[in-house]
């Protein structure tokens, strides 16, 4: 049993705590939150865990093998570094750090100390994304042609980062896990609708060394939630709708195709779709449950997790380039690589 | 009764013919199509109309007051100019012409001959867009903040123009009719997935002189049809889904809003929406029926139609700037204005 | 080319007229409607057809080979009998007649005169129902266990028959075409919510000689249209939703199944579905176009149509038994058979 | 703080335990389950609670003020009676007991000992049902005309009761809470598709002393979950779809209406709906959280809960009558009343 401490018991921390508490392979030993109210809530919910408002108590505890960090982005680097320094394995909420430079230092530190460093790209562990990856890897979609993702949320404006760092990070991490190609350039545009606030709506186009293209549309100021990605391939296309509980993954059995003959063209113009559709059964386990067990498993076996520090770094580099392009009205910006 | 001739009986021409035949305010006198098969179909369907394969027969007929042109974009200018020269009122399919220069010449010619020149921006005449415009004009949405539109279609690759000129033209014309602001700059990106073909997927961001922003996502290579626009305002937000037969227009009664307090923020993060939703009854008349009657009415009253040559020109200018940006990887390009 | 006359140009007649006009295998020669306004509309739309307000003109015309009847149910028998007497083939709107006695007489007359008698069970000719029948016949669903159909409509109260004769007739005809078993008993319940009007809501359960069961829920007084049938089989289940333009037929790949073990049971309780889903491509031709061509083909080949007089009779017998049960608060009533 | 013991830690018990643990107004002191595995799970999850496999340990504990029972229906009576005898307040899962006679004895016992007896009709405490009740009570729907409910579930066959007692109990309890009218007669039909098993599909029609009618369609053997009720009124209609996370309650602003004029009738026949639709914001608190707090509140204030023993009894009486009608092919059966 791995002893785990959770730092940050705000929105996401309680989910981490619950999963480490109930995983069967870890024990939730400590929780830390700067807010007294949140600390009290943790005490009430987990009477057997020790709760404090100072993360350093937690990091000093020799029973703690691993630390999960669910705090504002600006604090990720300092807390993760302190945890690694204290010899703890680290699971840090997305994005891994506020800059690629910070991410690199964390990767180096973890490697030097032979500790597991994992970034909490939660969606990567969902049944729907895992099923999508299997389908792409098996070649059923043919050659991937595009990834087009929309992630819009209720009008929430209190964030320490802009909408790209808050929401596009999910799509970038999903894309990173689904497709082996890496983006080389990004054109990003967006707007800030609140004085003195960060961008709340943004559109990213990612270019690759082939004709593959990715597009991400993120929005804080929307009336309904949308979380949908389309992956078009030469043979088939896949729609992943995270909010469709019954059919989160749908495969359409036609891809790229040239119709000949005018009548065939007219017929298609009035069709709603063509070809069969297939919605495979998708594992509906809580993604975070899969992820926390994977984290513990990587610790036990001393191997790299799927969403390791490097995956975290790749995503942060795309975010950095997107931020630059965003500030420049869409001018394309190169994405750093190794 | 206005005597009407329809040039082009391919995909869209039959809809124009049917509406002029059944409008009660016009008579379908002539149909023309270069293809013998299509001409035969027109004869079978409208035994009382004269059908030919030469548009000039039609233009010479003194009983013809007005001409509807539904031919490839590259022929719009020549046919529309010939019709205006022959003293006919003109309704031309979108986009009005292949270049802004051509559009300007058509506008000038029509003005000089006091003829009605109208562009067939069909969606502008739909009950859903008319209702949306009423709601925006009445101030119910507050100050408009963004327009975000997605229009994706089945994988059809036989077009004389790229996906921007084929599909984004619809969104640009809807935007032009809904919002009084005019775009000043556009960043467009996209890809061509078929050797030797035009762009089949494209993403446009339109910038304005305020923080208002518009985004258009168009795609020929998709597994399902999507035609949905979101208009966000400071007070309310509107979703227009052209394929939702029951509720094409939905109004969400909250707009921009800052939540204070962490708990309120957490609550929103797990909500699907907040505030009431309202789906007003929408007139479900065929948009083209509304449009053809409006065309006849403008002829009878000698007034400018809602989608006049200038509206057509504004849309073509946006298309031209988008094409330039598209060729340049997203670099922002100015949109011409008067 | 078969010469066709359409009697009744109200709600449904224009669809029959259009299809016979455009079929390529028939000519629309005459239209008849008692209302001057509707007759005028027919004249405007089909200037080459002769239009009258007296059906007997039409029946006397030797150029008329076949007659399509789209008038109130109470007039079906008299008009169809007159048409058969005049030597015309007959397509009559559903239900075939107001009583099984009348239906039997029409069947006998048509047989005696070697004329085609067909009832317009339109849905039977839809791509979705044809695809469903193919799937059932091929055994893919296993043994059919139940048919559960819901057909609810906007609050329309002006009918010459009750909601069972108006709406359930569709479900009974679909069921009759999908499943070879014939119902032997029916329990029907319902209510009338308007003084002096017929039943506007009704629920039918049809019993068979096996454990197969069918249920039909029909309603005029509803806020949204629903037209959905579920067919459960031992191997797979099928959902046919006539209003789902993209996926009218869905197949779920699990049927009857006993789970063992408590944990498996708990898991199912929180699932939304289990097994894959598959939505086959469905022919989207207009059902009435398929039907009118089938009618003409049966005339040309002197064969019985799929929805012949006997199918019409079976449906009317179920309607008669349901009406009796309805009047008796749900008491089960036997359905007549040969 | 009320001390609570939970008997039964199978499918539903853990939800009760979690809510009593986290309510802030109660303490989860004991859990009991006959299965060692489930008892171990309870221990792991709630290390501070005492866990046993014998319910009588729990009932003897003087710190326990109230007991929540989530065991098979056949054991409800015995356990609830023992708990009342031990002076504990009781919350018992639906249905309250296996017969109306048992329900009456529990009611009498609780009254005699001045203890709270509450039945866990969970849906009654959902935001959607509470909002629906408010709308009906405020008269916005006009006079209610019908209730039509469909509740279909995945093919699960391991139950100690039939589908009516397992699923229709939910709809009956929702109906009981929404409408003040009480059913007087029921016609129920259904089928058993597994040898030696109970009915797995059933259809209930409930008759009232007015023209109000209720219909309930329940099914264990279905490919997708459906949980939807329509309530039609003379002024408006309401659709409650428990699985629609974004819009669980929709109000359509037209009710009963007679259209005059044929053209108006034709127009309605091709409409999908008419009138505006409105989806009010609905409290999305977990229904069981609302319910457990209500239970504690009723104990503290010595008042009857909304779903008291009498509500439980009314539902059981409807279930008993339905079972009789079911066994008799739909013959209507009187529902017992006081």
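Letters A, B, C and D mark the chains in the order given here, with residues in each chain numbered from 1 onward.
Criterion: contacts are C-beta pairs under 8 Å (C-beta built on N, C-alpha and C of every residue); 3 or more make two chains touch, one makes a residue touch a chain.
Remember, predicted model here, so these are calculated numbers, not experimental data.
**Q** Please tell me whether B-C or A-B has the greater number of C-beta pairs in contact.
**A** Pair with the higher count of C-beta contacts: A-B.
**Q** Taking each chain's centre as the mean of its C-alpha atoms, give the chain farthest from chain A.
**A** Of all chains, C has its centre farthest from that of chain A.
**Q** For chain A versus chain B, what separation do you get between their C-alpha means, in angstrom?
**A** Inter-chain centre distance comes to 37 Å.
**Q** With chain centres defined as C-alpha means, what is the inter-centre distance between chain A and chain C in Å?
**A** Using C-alpha averages as centres, the distance is 51 Å.
**Q** What whole-number Å value describes the gap between the mean CA coordinates of chain B and chain C?
**A** About 39 Å separates the centre of chain B from that of chain C.
**Q** For chain C, give me the residues that contact two or more of the other chains.
**A** As it turns out, chain C has residues touching two or more other chains at 224-225, 243, 245-246, 271-275, 277.
**Q** Could you list, by residue number, the parts of chain C that touch chain B in their complex?
**A** 21-22, 24, 44-45, 47-48, 224-225, 243, 245-246
**Q** Of all residues in chain A, which touch chain B in the complex?
**A** Contacts found on chain A: 10-11, 35, 145-146, 148, 150, 152, 154-158, 185, 187, 189-194, 201, 203, 205, 207, 211-213, 215, 217, 219, 221-225, 230, 232, 237, 239, 243, 250, 252, 254-260, 262, 265-266, 268-269, 271-275, 277, 325, 329-332.
**Q** Going by the contact rule set out above, which residues of chain D touch chain B in the complex?
**A** Interface residues on chain D, with respect to chain B: 245-247, 271-281, 284.
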